[in-house]
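The following blocks contain the structures, represented as structure tokens.
Next come two complexes built around chain A: one with chain B, the other with chain C.
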Partner chain A sequence: MRAAQALRALCISRLPRPVSDIFTSKPTSYLRAPHFQTTPYSTSSPQQKLAADMHPHIKRSTAFKSLDDADINHFKSFLEPSQVITDQSEVQPYNTDWMKKYRGQTVVVLRPKTTEEVQKIVRYCNEKKLAVCPQGGNTGLVGGSVPVFDEVVISLTLMNQVRSLDEVSGAFVADAGLVLETADNYLAERGFIFPLDLGAKGTATIGGNVATNAGGLRLLRYGSLHGTVLGLEVVLPDGTLFSNLSTLRKDNTGYDLKQLFIGAEGTLGIITGVSIMAPRRPNAVNVAVLALDSFELVQESFARAKRDLGEILSAFEFWDQAAAEVVHKYVSHVKNPFMEGDRPAPAFGVLIETSGSVKEHDDEKLSRFLESLMEDSIVTDGVVADSETQAKALWGVRESITEGLSRAGAAYKYDISMPVPKLYSAVEDMRERLASKGFFEQGRVARVVGFGHLGDGNLHLNIGGPQYDKEVAEAIEPYVFQWLKELDGSISAEHGLGLHKAEHLHYSKPDRMISIMKQIKDLFDPNGIMNPYKYLPKS
Partner chain B sequence: MSSLKVLVPIKRVIDYTVKIRVLPGGKGVDTNVKHAMNPFDEIAIEAAVQLKEAKKASEVIAVSVGGAKSVETLRTALAMGADKAVHVETDADVQPLEVAKLLRAVADKEQPQVVILGKQAIDDDSAQTGQMLAGLLGWSQATFASKIEVEGDSLKVTREIDGGLETVRAKVPAVLTTDLRLNTPRFATLPNIMKAKKKPLAKLTPKDLGVDITPRLEILEVAEPPKRSGGRKVESVDDLIDKLKNEAKVI
Partner chain C sequence: MRAAQALRALCISRLPRPVSDIFTSKPTSYLRAPHFQTTPYSTSSPQQKLAADMHPHIKRSTAFKSLDDADINHFKSFLEPSQVITDQSEVQPYNTDWMKKYRGQTVVVLRPKTTEEVQKIVRYCNEKKLAVCPQGGNTGLVGGSVPVFDEVVISLTLMNQVRSLDEVSGAFVADAGLVLETADNYLAERGFIFPLDLGAKGTATIGGNVATNAGGLRLLRYGSLHGTVLGLEVVLPDGTLFSNLSTLRKDNTGYDLKQLFIGAEGTLGIITGVSIMAPRRPNAVNVAVLALDSFELVQESFARAKRDLGEILSAFEFWDQAAAEVVHKYVSHVKNPFMEGDRPAPAFGVLIETSGSVKEHDDEKLSRFLESLMEDSIVTDGVVADSETQAKALWGVRESITEGLSRAGAAYKYDISMPVPKLYSAVEDMRERLASKGFFEQGRVARVVGFGHLGDGNLHLNIGGPQYDKEVAEAIEPYVFQWLKELDGSISAEHGLGLHKAEHLHYSKPDRMISIMKQIKDLFDPNGIMNPYKYLPKS
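Up next is the complex of A and B:
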């Protein structure tokens, strides 16, 4: 008994408002206001603000019922005890996003194991008008995966089975809660590759990837999920099943409804199954990292890569000096090959990956390409991985940037796309703007960092500071969105809208389109229970 | 003692990250997968190049026994800083004793003062070649090196052993084998990769060296380790304690 209590005490963190405030009925056995202690092991800082407090204009909808014991008992009538989490210390991680920026206030997490269980949950919630928040790996960066108020969290992580793999066509069908890396490992053993890769692969689930239309590191080669997803199984807001787990590559019979769910961020239904086209795993993969002096040269190297590497090019990423320095300083296990002996990072770093079927052919092509870059002084230096271990180490330099920024302090993250020539001017412009307001001098902004998928015209603009600073945030937004509007760029290339950008949608989409989106939302979800307060603007 | 000539034997092996598949028939593994330089050999090349950069060595020669594709591995060694490469070409399956005999013959030709090998190859894990070579040459040996210092006409080597660390002084000429903590091998940089193409690469055969490479050992069987039996989840700490006590019987 004592061991159990000690274990629990390790995980408890403090909420600023008593849980009992949220309920209309007197709390009983499941929902008694817990005793709180803060310990160094809390999963979120005791000072972390609630998402609701950070966005005071969002009010909990009075249309939604408040959870009570009868509801919990109903869930327990068809779910096992371990599938219904009400212990506040265990619920906490589901309330907080990866960046520790958004904190919700749910009191219950449901973890269905089958599609039928998801349907039962959703049907009940729709009848009772209980708001729900579907959640996969909870690695989203725009606050879309955690509740704002007391939305019931429906975690898909226990639904993680592979359903089938057609080894001739490559059609791969699996549960939505399957972790991306696990899916890829399963496919790797059979000679296939998952057509999506991103830094969060060890935690993100494929259902969440599809719901957010994740882009990632290999979009350049395999295309977007809108193209690679063959079919979906979705539980609609009324609990009925949209069952379209097709494995057909071509099927032009009617409106392609699955496209609506891809990128809908859980607002039109809960994805429970994914059917996707898995390409054959390449036999020969090469990774090279280059050092360049200017963004113009980065663009030149990209143009040449497309021309000289052509069909074998599978990734083209870039980062600036500030990004490399953050990794060097805060992620000690990752070594930047150009920063040996504490040399300063080059102005720009580029990672090129090639994937093909014949090693000798690819080696020859890559080696000629890299030599031409050196001879024409496009790059000042470069390294090529000689083994898989080195390849992973080089990818680490790019993939650790996000982690490094999180460790360095607070990060204001913007994921934007615009015409490639203008890409880096977003960084330079923001640096100048924040410098002119004295934020660097005052130590309120430590760095402005740019990196991303150059091949897709997608920049991750990050501003880093010691802690979240309202004035700094106001200097950044809506300035950056306005800047993008003038270039017809996107305020969210791949991270999505979630809570962060819902109100800013008009910077990238005209009103008429937004009103059609709202009609579609109302069609699927008349009670509005499915992941409310996000994605579409309120007004 | 500033003109040490260093010979570094290297081996092309299946890449350390590849999942090994035993072939049906149980006589070997699927070799149609990614290959790379044996990681301990990379460490050996790095150690030799560092000695050259510290002006303790004058020349680093990389040598490899293997088929045509071993040339790629030798080019990597050249790109890391080796000055020249020797390829002893054979498609036959060579075993540690035969390799040691071939290396002795190469050493007789090249006349190095130090031979640095990886402590073992990650495909057969024999960990014999360095030791046998020292025996055949009659040289001192210091194996599992995690630190190498040149002191006059000797090498002061810190060895990783079961109990901790042991420091020995080996008089030159000496054979060393490298352990993991000796260094972190550098990446091959583009300028060096380009220079490597112009460095000399000599080809020899076992016949040229007068060595009989007939294997003395026969592989009887290759099998995967027994599959792990599944773990189980428990619902509470009490359940865990109960199972550890009564089922696993470990407490």
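Up next is the complex of A and C:
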């Protein structure tokens, strides 16, 4: 790889050690997204608290009927026994999210295999006023995919077939319960790529991705689902079908209603089918990790990457010194290329990925770009992956941050977005605030960590300490939300609202918009049966 | 340019004439989009028919108040005299669309300079039940931007300032009345590009572009406005402000309401500000035009272009023999490179554009791609532009088709989309249908022409004849709509619904969706004052 050689030569001439050393050891085992592994690392008691108990202001609505035997028998009249789960040990995984942070109390899980079955279920629930909780892969991060009380869980995972792929246009149509990785593999075999990628790909479903408007790792390149989704099939709260599984790239006939379901988190209906534009899969992928001295230089390198790498730039991720130190200390199988021996982590690390159709062109662009960064002293050090294994190892440096934070103790986590130039001041400001209160000295806060998708203006702000501390929590929140409000930032960049952030929506959206959202919700779901207690603040 | 040389060499070895000959004459004058020139070429009587008379089924709603002196005086109480136009000769251009196809009857045009002024106007109109017609550059194609009866025209063209550009992220914020070309020039000077381009750019406003969800020439590369628009400022029908001028690339806090206004054609509110993601401007642009023998080969070349040109492919346009012949015969200043002397036009022409950050890489990719097309006998001939002037001349071959059709006589025009493999059968089928009725023999139909944005599945189907012929019209419509319905196609790919297609919506959208659209309309605009008589079918 020419780019790798060029950069290595540069690095060697500046540094006493050959940077390729970091790759001389055996390839590190690569954890794509440790925070989505199926056995969560967060410690939780076997009898974890109920979500309802942790949110005492939320009461079960008396408007909803409680499930009884007649309801179960009705479901069994048109579903096979294996599609109606009532055994409590089998129900449990559907009641609990993967973080073991939210626990619901449903007594039945329905697993429809067809759109018609979903319609029958929903029509019945609407008539009887049974609340429902739609569920895909259950990999959400805000408690949106598990019930709060006794909502009927409707799991889409048995609806998992590819429906069609138009190999001329790339229009791909599939059931909502298809697992993201399965979809991407299917497309890869045919030379296409799913325009979304994220750590939970092995479990998350494409319907769940659309329902939460997942952002993930390919957004910088392929844009958001609002641009790539071509059409949706949705069972509306009254059981009727919203049938708009278009494969057309252009269609200007009326309000683009499908957009409302993208990111609605199951509150307006149940997505049963997805049509999406799949681009051609890039032939060549390069990954580089750079060391920088300030956030201003991180921004400068981003502006240059957009200019010099242009159409092949596919990821621009960053993390700070505190993030690198947490990985170094708590995730032993991941090696930071800049932290050999006792060397401290650089102030900032950046991961750049390029994806293109001709490898030699991409290598050349990347090489020129990296040379110019070195010549202008924008970066102090850098490495380029020489193989797919090395590329994965470099991604591991970025992707192990969440795992490291979790192993290090308790963490208060915020997924926020704001204009890129302000991005890091959220971290610095919080660090100062907590220091001024003496929390660092008192050992109640160990670190304030910032990392994320710089290209998307998306910061993951984490405050770590030995354990949960009410006073610390109150120093952070609602301060951080207020801070974001003043910057016109978002309190949820990509994770959504769910149970966690419904009541905080006013920090990101004006009252007029929230009132329209409630009107839209009432229009689609007058009985309010779809995923209740979440998403919108109580009126 | 290496690509040009390589292809030229290939062509020369296959053809007796040097293809570069077509560029030896003086550069042809380049018409970006002749169908948007300010003096329309269509002949129309000085006293053109009223839209209301041409659509006798539409009656003026008695729910709306008629404008009186008290209303005018109210508007003059907070607007300058120059912002309240009542002189009928000055009003006339706002009553008439550029095609002179639709003529309204307004007696007043208001030209607000601020969002607050728009709010004051709309609040008053809503209270008094005065119907309004929002207007941008008035370059629409379906009669959406001119009044039908006496609706108050609110022209946004005095709200034309750039508000901000974030040069790190590319987030660009501007008034809705800013002219598209002005916006693009502003961005070009700073190394960015507006992610939309279309023939009417010199007149069309960015707010009007968003209101009509304009597609245009850059959609293949940068995607639709649903993906690139970051936020909107909209004056709602009750005069309150929908303030969501976000510059964030990611924001998952509630329903993405701004999407409803994109393509709503002014029926839900008046867009006053637009925030959009501006990509870096590509350094290198190449244009090639190819000759092919069948639509199957056109599709094959498109699939290969996506594979081999990948991230640099920015346009893939096509036209048929009938289209090329019309240009050759009626637009003398445009030269088709394949029609020298008496040579007939090839069965299909294709225009490919690439845009990238490094010219030599793009040239090499294009050259390899074109060579493989020649080697595999997918194309029979081809030329590559050697300069910007030549590139514009080649674009002229594609963009003069509309002008040629118009000069040739009357034309029935359809802007439709469907799955790419079916695209051309719409033309063949129509040709057969009209032939079987003897219309060609009788000289009542001269040609059936197909061209368009192949990459977007967007066909412009035109049926040309000496003059308007009711029997021919009835043979075409609703047949063409029914045909599209069976293919799940769209009756309006990019032009919208306006007055022209409102009553045909059912061919592209199921009743359930249309009924939801009407509910959304009622929710936002209970008095129905916003751009009435258009967009949705009468209930």
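The definition used in the following text is that the second predicted complex is superposed on the first by the 462 of 539 C-alpha atoms of A that agree within 3 Å, B and C clash if a C-alpha of one lies under 4 Å from a C-alpha of the other, contacts with A are read in each partner's own complex, and residues count from 1 in each chain.
Heads up, the rule we're going with is that contacts are C-beta pairs under 8 Å (C-beta built on N, C-alpha and C of every residue); 3 or more make two chains touch, one makes a residue touch a chain.
What you see is a predicted model, and the numbers here were worked out from it, not measured in a lab.
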item	value
Contacts of A:Glu189 with chain B and chain C, given as first, second, both or neither	first
Partner chain in contact with A:Val274 - chain B first, chain C second, else both or neither	neither
Partner chain(s) touched by A:Asn252 [first = chain B, second = chain C, both, neither]	second
Chain B versus chain C as contact partner of A:Lys392, first or second or both or neither	first
Contacts of A:Ser367 with chain B and chain C, given as first, second, both or neither	first
First, second, both or neither for A:Val384, with chain B first and chain C second	first
Contact residues common to both interfaces of chain A (with chain B and with chain C)	283
Residues of chain A that touch chain B when the two form their complex	1, 3-4, 7, 81-82, 188-189, 283-284, 290, 335, 337, 340, 363, 367, 370-371, 373-374, 379, 381-390, 392, 394
In the complex, chain B residues that touch chain A	15-19, 34, 36-37, 39, 42, 72, 76, 184, 186-191, 193-194, 235-238, 241
In the complex, chain C residues that touch chain A	166-171, 191, 212-213, 215, 219, 223-224, 226-228, 236, 240-244, 246-257, 259-260, 262-264, 268, 280, 282-283, 299, 302-303, 306-312, 355-358, 361, 364-365, 417-421, 453, 455-458, 488-497, 501, 505, 508-510, 512-514, 516-517, 519-520, 523-524, 535-536
